[in-house]
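Two complexes come next, and they have one chain in common, subunit A, joined by subunit B in the first and subunit C in the second.
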Partner chain A sequence: MPRVAEPDSPAPTLALGEVRTCLIQNQGALSTPASVALMQLIPGSPVSKVERPVRRVISPEQVTGIDCRLNIAREGRGRAIGTVLSHAVVTNGRVLQGSAHVALTPAEAPERREWRHYLRCPGVVEVVGSPNPNNILDGFLTDSTPARGVDLASISDRVIEDVQGSSKLDHRTPLRAGTGVVRWAATLAPDTVPTVGIVKSDVSNVHTIRLRGRPDDLPMLIRFCEEFALHEWLLTTVMDVIVARAEVDIERDRDPLESLLFALDQLAPLWMPPTYLSERMKVLWDGLEDRTHYTTLFKQQVTRVRDLRDQVKIRPPRRF
Partner chain B sequence: MDVSYHEATETAQVEAVPLAHLSVEAGHLYLDDFADGDRVITRQLEQAAPWLEAADKRTRKRFGRNARISTCLLIDDYTPPSSAGDPPKPSEVVDIVTAAAEQAGFKIDYLAREDGCAVACERPYSGPRDQSRLADIVDGLIVEEAAVGANGSRPPTAQTGWLSNGQRSPTVAVAMDAPGWRPPEEFGEFRHSVFVDVELWSLDESRADLERVYSCSLLTAVWQLLRLGLLRNAGRAVATPYRFGQGEGFPDLWTQLPTITQLTPNAAPFAAYQTLSLLPPHYRAAEHAVEIIIDHLKFDEAVLKQTADRARGEATPIMLPDNPARRTSHLFFDDIHVTHND
Partner chain C sequence: MLIFATSDKGGTGRSVISCNMAYRRALQGEMVAYLDFDFGSPTAGAIFDVPKAERGVDSFGLHSYFARHTEAQQLDTALHSDSDTLRDLPRVSGAGRLVLLPGDRDGGEFAISADMPARCAQLFLKLDREFDLCVVDLSAGRSYAVDLVLEATARPELSALTCRWLVFHRWTKQHILAAHGLVFGEKGLLAAGERRGHDPAELNKAVRYVRTAVVDLGVDQESVTRAAQGAWLRAYDQKLREQADKLRMGRARLAGQIPYDPMLQWSEQVIDDSDVRGLKIANQATVQAFEDLAAKLTDESFWGGL
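On to the complex of A and B.
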């Protein structure tokens, strides 16, 4: 879990992040050693690996220095100086995520300090000026492409690019699927009960999340956004890509069996809501389920995939 | 009911390294320096001796009579020797160094080689299994200074092989009086800058695979970080000193030697809370570059904490500064010679 601040430095009041999710460009799913080797983005820095309930291999945190103005909605100005953290995650050797995040604290000095000062708290930017926190959040969540403020889109995208460009992959894809984008912003204050508000954008595969929590909830909130991004991408890919295409394929007498089996063998086992992580995470995720019925939806889709598979097996398409 | 489940591989375990109070570098020599036998080393150790004595005295005064102090010597086998003849063998150098140190009145506990700072070798004749690419590891820990306006949209310019301590002048090719020239700037300094641009590596164009040639600055940074006990490879200690057993001969080639060879039995640990380097003046620039490199590293928090906790737990508790570069100290000799008239 990322460290967000030194014990003696002020606790962050805001955090911003972006998570991108896509399929690894490799014909087969990666083995554990292959996933670990792929996640070795920084030589000598430890790669984190967990086998159960799903295999999750996480790269070391990469550190990117920034010194730029914030994109602030409505009124106000602010300059952010410090570093952004980013890492890659491979789930079951199949799905790749690039996750970038940064916590904001007020600056103590009105001008830029020596670099070592900012490296003491990796993943924290100090904000010079005192813009309204809500304006910072709205400005970040609605920032355009290319970004006018802190560009976590480019940073998380670069993580994906770096990994997908690796010579350890065969760069073939078993399924054409899109990249999911989750942009999030969190307000951090002591004694806050975690809350989540998710908005599905009218741009496909894009979601924005507003969160609240205590400053020490930040690692949990980051993980929540990564898990949401993974599950949302799984649901979208099975529902809008695999099932939708299979239905068209059957109609046109093409064989969809390969992608249906891919969904059953490779994607369905990845559905593992993170309620096992902690009590606070469970509360948050259960709340999400109450609102969205994501797990029920996904199960329905998997059943639909099985039905389609059986249908294809009984009456194979003519063009086989 | 309380159930917990953890996997050991989730968070890497960080191996601890033994730490002395002070590590004294008694010299940094090229293989060429041994072309005349012991002339250069003798002079270097003679110059170092009084300062070493003073450091010893001060350390014991600060940390107690039982303060742990070790001495080391760095041999540069990375720079190819310029002299035509064969370079001296490790065993020959060890004999010369041991004799010269004895003559100067102290002992060299550890002999290190600079090529072993680029790729650490844990034992004699080590292969890829017990090697760590330390220069690459340190290079990977560098977080470049953000340019003013950098918002993350462009990749860091780390691929140039240069590291600076501030904002480069935007149009370096333009003369100072031309319009549009802006000075470089060192951040966090009062009024005037000391702007430094450090070359970390260059590419060896003569080789098809364009292998990196590491600069003395980067390799010296690795060396200082090893002496501060701050480097790990995926949590494992690296370049741990190797002591040759009785009857175990030294290899003939420098590349077959471990990165650090322990020469004296019962020596204090190689790495230390504090380092002192006693060097001729021409190393000053490289050592300044080392400080800049260390100032731009993202250290493993667990390693820093482990070191700080150990220091606090000493019989005489020590508070370490949070910037590791502040744990190094240097003494550069002058070039004044005394002429003896017979």
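On to the complex of A and C.
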């Protein structure tokens, strides 16, 4: 679990993050040892792994120092100084995620202090100035590419590129699919019941999330966003890439069997909502399901994939 | 798959043909990226009719990606183009997308620094994860861009990618010689590739030729009115064929033959069936030639059978 702050520092009031999700550029799914080796981004630092219910291998946290202007909506100014944490996650040796996050606390001094000071709290950024928290959240969530403020997009993207460029991969693309982007911002306050609101952006594959929770919920909220990003990417990839293209392929006498089987063998088993993790996670995820019916939608898509597969097998296209 | 489009001389129609070829693939349902690697004078934005990239974008184009380490922006032509043809692409049933990675307005050529080939390879890998086809439009002649992609494609992380080269040349004696020099010459693609770790024989297997602005004696009957003229043209065409055969640029290596089309001489743009049937400003043979060239890109018997 990521470290949040030292006990004596003030509890963070805001947290920001970005998660990017894509397929690992490798013909086959990676074994556990191969996933662990791939996630060894920092030699000597431990890689953590969980085998069940899905195999999840997580790289050590990388620390990136930042000192930049905050992109603030409406009015106000602020400067962010501190460190961003980022890590990579491989799920079932097939899907790769790059996740960057930061917790915000008010700065005690109006000037930048020695880096030693900031390095004591990895993943915490001190905000110089006193902009309204809502303006910080809106500014971050609506920041463009390339970023004008805290650029977690570049950091999460770099995590992905570093892993995908690894010589441990064969760099064959088993299925062409987009990279999903989830940008999130959380308000942290004591005695808060966790809540979530999700908005799909105009840009394809991009979602923004607003969360609420207690300061000690932060690791759970980060995990929630990673799980949301994974499931959203799975649904989009199966529905908009595999099913949509298979329908066109059948219409045009091309054979879609390979990608249909990929969906059934490699992607469908990854659907595992994280409600088993904790009671508070369950509250958050159930709230999401109530509004989006994601699991039902995904099951429908998997049924559709099976139907298409059977259709192709019974009546093979004229041309292969 | 990566397709590198190059030519020895300017004015061959390389860019406009490559853009149309990319459009045909997108029409057939593929995700297509078009990379404007003509750093000195980006033109793809004008051909795709993307106003903000007409002569390259103000910032975050491919030149900045290499020279200043910024992100390379991707412009979906369905959203950014003023061309009806491209804007309507998503409405065609089963069509894919056509995305432009533009150059920068004030780009200019640059020397290759140590990190550029790795950065170039990273870009190609990333695009290959998302796009079925990447068309890389290189500038005319030997340029830094050509050296850069030769060096990037020699890197081990790109060894699994399919890379193919299209050399565009006009159908004249001088242009055939120039295209031959671009590939086989002392400073040609094969020699430069070998210096960067490519096997020249393997590289040569991935090179095909596109003849452009070819006067088609079957179609252009109105412009060939006298019998003597027709006879001379046929005889000269035969001579050019023999020359191309001798230079290992004959039929077996011919990926496409694009007829001379007056419309494209004046207006470099993406054309579709409505320009042929509705407006009747372009020739059916031109669209058919783009279609055939697009189909050849993945015709394995054509690329394998030498």
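Rule of thumb we're sticking to: the second predicted complex is superposed on the first by the 320 of 320 C-alpha atoms of A that agree within 3 Å, B and C clash if a C-alpha of one lies under 4 Å from a C-alpha of the other, contacts with A are read in each partner's own complex, and residues count from 1 in each chain.
Keep this in mind: a contact is a pair of C-beta atoms (placed from the backbone, for glycine too) under 8 Å apart; a residue touches a chain by one contact, two chains touch by 3 or more.
Computed from a predicted structure; not experimentally measured.
Trainee: In the superposed model built on subunit A, check whether subunit B and subunit C fit or clash.
Mentor: Subunit B/subunit C on subunit A - fit side by side.
Trainee: From the CA centre of subunit A, what is the angle out to the CA centres of subunit B and subunit C, nearest 10°?
Mentor: In the superposed model, the angle at subunit A is 100 degrees.
Trainee: Look at A:L23 in the shared chain and tell me whether it touches subunit B only, subunit C only, both, or neither; answer first, second, both or neither.
Mentor: A:L23 contacts subunit C only, not subunit B.
Trainee: Using the touch definition from the top, say if A:S154 reaches subunit B (first), subunit C (second), both or neither.
Mentor: Touch status of A:S154: both partners.
Trainee: Looking at the overlay, what does A:G65 touch: subunit B (first), subunit C (second), both, or neither?
Mentor: After superposition on chain A, A:G65 lies in contact with subunit B alone.
Trainee: Check the residue A:N135 against both partner chains and state whether it touches subunit B (first), subunit C (second), both, or neither.
Mentor: Neither partner.
Trainee: Is A:P146 touching the first partner subunit B, the second partner subunit C, both, or neither of them?
Mentor: Once the two structures are laid over each other on A, A:P146 reaches both partners.
Trainee: Based on the superposed arrangement, let me know which partner A:R245 touches: subunit B (first), subunit C (second), both, or neither?
Mentor: second
Trainee: Which chain, subunit B or subunit C, ends up touching more residues of subunit A in the combined arrangement?
Mentor: Larger number of subunit A residues touched: B.
Trainee: May I ask you to decide whether A:Q300 touches subunit B, subunit C, both, or neither, giving the answer as first, second, both or neither?
Mentor: In the superposed model, A:Q300 contacts neither subunit B nor subunit C.
Trainee: Using only C-alpha atoms, work out how near subunit B sits to subunit C after the chain A superposition, in angstrom.
Mentor: Superposition on chain A places subunit B and subunit C at a least C-alpha distance of 7 Å.
Trainee: Per the definitions at the top, what is the overlap between the subunit A residues touching subunit B and those touching subunit C?
Mentor: The answer is residues 146, 154 of subunit A.
Trainee: Which residues, counting only subunit A, touch subunit C once they are in their complex?
Mentor: Of all residues in subunit A, those touching subunit C are 22-23, 25, 145-146, 154, 157, 161, 164-165, 167, 170-173, 176-179, 245, 247-249, 251-252.
Trainee: Give the list of subunit B residues in touch with subunit A in this complex.
Mentor: 5, 7, 9-12, 132-134, 136-137, 140-141, 143-156, 165, 187-189, 231-235, 295-298, 300-301, 322-323, 325
Trainee: Could you pull out which subunit A residues touch subunit B in their complex?
Mentor: By the definition above, subunit A touches subunit B via 3, 42-52, 63-68, 81, 83-84, 100, 112-117, 119-120, 122, 146-147, 149-152, 154-155, 158, 276.
Trainee: Could you list, by residue number, the parts of subunit C that touch subunit A in their complex?
Mentor: Checking each residue of subunit C against subunit A gives 28-29, 31, 60, 70-71, 73, 93-94, 118, 121-122, 125-126, 128-132, 156-161.
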